[in-house]
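Below is a structure I'd like to ask you about.
Residue numbering begins at 1 within each chain, and the chains themselves are lettered A, B and C in the order written.
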Amino acid sequence: MSLTLGEIARMVDGQLAGNPEISVDGAAIIRDAKTNDLTFADSSNALKQLAESSARAVLLPFDLDAQGLPCIRVKNVQQAFTQIIRHFDPPIPGEPPTISDGARISPTAKIGQHVHIDAGVTIGSDVVVGDHCTIHPGVHIMAGSVLADHVTIFSNTVLYEKTRVGKHAIIHSNVSIGVYGFGYETINGEHHLSAQLGNVVIGDKVEIGAGTTIDRGTYGSTTIGEGTKIDNQVMIAHNCHIGRHNCICSQVGIAGSCVTGDYVVMAGQVGLRDHLHIGTGARLGAQSGHMADIEPGETRMGTPAMPGKEFWKAFSTWKKMPGFVRTFKELQRRVGALEDKQADDNNRKAA
Amino acid sequence: MSLTLGEIARMVDGQLAGNPEISVDGAAIIRDAKTNDLTFADSSNALKQLAESSARAVLLPFDLDAQGLPCIRVKNVQQAFTQIIRHFDPPIPGEPPTISDGARISPTAKIGQHVHIDAGVTIGSDVVVGDHCTIHPGVHIMAGSVLADHVTIFSNTVLYEKTRVGKHAIIHSNVSIGVYGFGYETINGEHHLSAQLGNVVIGDKVEIGAGTTIDRGTYGSTTIGEGTKIDNQVMIAHNCHIGRHNCICSQVGIAGSCVTGDYVVMAGQVGLRDHLHIGTGARLGAQSGHMADIEPGETRMGTPAMPGKEFWKAFSTWKKMPGFVRTFKELQRRVGALEDKQADDNNRKAA
Amino acid sequence: MSLTLGEIARMVDGQLAGNPEISVDGAAIIRDAKTNDLTFADSSNALKQLAESSARAVLLPFDLDAQGLPCIRVKNVQQAFTQIIRHFDPPIPGEPPTISDGARISPTAKIGQHVHIDAGVTIGSDVVVGDHCTIHPGVHIMAGSVLADHVTIFSNTVLYEKTRVGKHAIIHSNVSIGVYGFGYETINGEHHLSAQLGNVVIGDKVEIGAGTTIDRGTYGSTTIGEGTKIDNQVMIAHNCHIGRHNCICSQVGIAGSCVTGDYVVMAGQVGLRDHLHIGTGARLGAQSGHMADIEPGETRMGTPAMPGKEFWKAFSTWKKMPGFVRTFKELQRRVGALEDKQADDNNRKAA
């Protein structure tokens, strides 16, 4: 399966600088490349790492120079590299879409064209599955749920009743959508579950990572806006309205009834208390904990969160505190000495 | 499906103030209500939001006033609202309890009356399932486990060997109960797993959110007390004894052998180190990290956690530190000036 | 099933101090032991707790003394206690390895000898399963994955395409391995998923807790080194290279392309930003958040993380800050008084 640089240059329509007879056995990122591998660099920073790499040749954009290493220049480095990787490690051919006889589909469900439903799937009453959907083994879709066209759901994910999923959405494995909200009223020392009449509505092109959980609305819908991307193990509580094109990184927890604008970015392990409004384009630093609304475009860090610049100033001061306390004690000593001297002077005058 | 206010008032046994011929097409919470919707307000705070809502009419308790909006007054607002929601969005009728031929049930298992067991469920040897239990598709219950009456388990949840679940417990989807504890002894550079002989015992009326994991005891039981509610993605490690009526919010992590009293509240993303005792009624603030026991009724915040009041005092001081450092430098300058002056005076006297 | 101390001493080859006719009904750890139970103590700390225990007898190593309680001394306390526990609570006999007719196995998959594959399992094309593997119900293994010998996978875990799992690995329930990495390029306001051509490679003797998620590499492999133990609900992102014999506690989140050495310990809820290098033997304190590389053997705490000693010094100063601010104001007052006095003196001289 090895290829010469000449063959690769032709395959990706690139411009070779180096001996076309040099051959490579594989392709890997700079950090992992071995002596027979081709790699790629797409920034001047990557070029620096390339100096310490054992790669035999490199794929470059037209504006970078590999300093002696044989290289192939292309318009779109990532695209060409993908093509080369696929040559060395061809994708496993997908099966033609079929509906497994090991799936249990309610007679009242409506299934579209070109749908793949694998073994161990259950589909409840009145469910609608659009065209070109792929439902992996062990997925359970409860009564009244609706999937638009081109939805992909990976194994062992569960959609509770009346979940709605938009076009081209991708939901990974072991996800739970439409879980009961964590709302209780305490009567005579016992916690009683609130109403659980709502559902979850997921927009077009939303992507949801493995192990994520989204609670249903109390009376209405918990909603995830179009184009929003959610990483693994994220928690979104009941009644939240997440805006469009948000990026919500792994292990973020959003409490009930929060509302976010568009293009909000939440880094890993962020926590939000309930009923917050987060403005469009706001950026929430990793592990930050939020107890207050955030204006559009603001960056917030820390727990409890504060504006990013203020956080860094307070943090850098904090690190210096132990030294500062020593300086303070020295100042106390100096003031004490001044006072003693002044008292001395007074006594002398009085004498 | 639209209803007049007169019809609604009769349905919920309420007292109408307004034109009984006004009709509404749906019901929604204030934030989401559209111009044809009925909404509800159950506090003076909600009344303020109502001013900006487009709702056509409102459901109120007898002690609130809607300032001109047509309203229906009822004794229990939440209950009446639930009734109205169910009119507009009727629940999908549940199937009669059946035991699916797609379930695999050990011949030594004992299954009660009126039990629903769905497709893709496996039930191991010597398992006992009480009356009126509902087991959703893809649940796996391992050998020797015992479910009391009226237990509900949602899809793809796994109970390891000898798990015991109390009456009226609800366990959501993708939960793992009875996992091996994370205890290792390192011998010659390799980590060896500790004994995994125990199990998990879950009390009556416990509710457990999706994606939560509970480890088995090393030799005995990890226990969850009656009436305790656990949110999604909570982690409870081996040998913990969680008390009764605790509320444990999402993404909390409790390390091994912790013991909690009753009515403990842990907010989201709290972390506890191992072997802690948390007193009855203690409250642990969101994202707080605990390294010490907590007295009954105490509130703790921060990482490492401290009493709530102390935390807020220290935090507000912390935010002011950068300004404080400037003031301190000014004070240093003033002391320097005093010293210079004193030295001058001394020199002059000496001269 | 009760036993006399004489019988137990013979069973565990131990040395009895006390009446051999005393009988016990069960065995439990000190905290949980009732009046008819045998317990064990393996440290002087445990001996202190023993004083408040109701246990009837105790298992001890040869270098500890039970102060009057009947005891049995043995070489390996944990091992002997496990033997006794198993007498009172015998393990449920495992079924002989069988391949369930309720499993769906691709005709191109290769299955080894003495393999147990349970109901509801799906195994994709070209998958290889080694000898002595145990695959619990509801596991889905996608095309091209390879399991070495003696691998155990618990229920409802999902392996995406081309996952490789080493010998004697144990993977708990509801785990997702090989999920798409969370990498996007934003073009015209839409986030486009990066290439997802890589896979996950898991070393020999790795153990992975329930609910954990591991993303595939972008072009190459995300790797977990031999002997590394991973707790429940851990998140490991795309392209990470985790070293050998790491201990990664519950709810840790590791962002993309991080590399760790061997014997790294991460306590619960730790977070790492992307592209970090963590040296061999480094220790990361619970809930700490990391934005910088860590040298071998270093301990780091806090968010953003700093060396452990520095953290504790800064933290203890921080707690004292409110009192310190009061002292500071007092010092300001004293300096003011000195300045007033000096001004007075000057005025007097001038007069």
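Note that a residue touches a chain if its C-beta (ideal position, glycine included) is under 8 Å from a C-beta of that chain, and two chains touch if they have at least 3 such contacts.
Please read all numbers here as calculations on a predicted model, not as lab measurements.
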Residue numbers at the chain A-chain C contact, same meaning over half shared and different meaning under half, come out as different
Rounded to a multiple of 5 degrees, the Cα superposition angle from chain A to chain B is 120
Here the gap between chain A and chain C, centre to centre from mean Cα coordinates and rounded to Å, is 23
Chain A residues touching 2+ other chains are 120, 138, 156, 174, 211, 233, 251, 269, 287, 303, 318, 321, 328, 331, 335, 338, 342
Per the touch rule above, chain B residues touching chain A in the complex are 27-29, 31-32, 78, 81-82, 85-86, 89, 92, 95, 100, 102, 118-120, 136-138, 154-156, 170, 172-174, 205, 207, 209-211, 227, 229, 231-233, 245, 247, 249-251, 263, 268-269, 286-287, 303, 315, 318-319, 321-322, 325, 328, 331-332, 335, 338-339, 342
Note: in the complex, chain C contacts chain A through residues 104, 120, 122, 124-126, 138, 140, 143-144, 156, 158, 160-162, 174-176, 179-180, 182, 184, 189-191, 193-195, 197, 211, 213, 215, 218-221, 233, 235, 237, 239, 251, 253, 255, 257, 259, 269, 271, 273, 287, 289, 303-304, 306, 310, 313-314, 317-318, 321, 324, 327-328, 331, 334-335, 338, 341-342
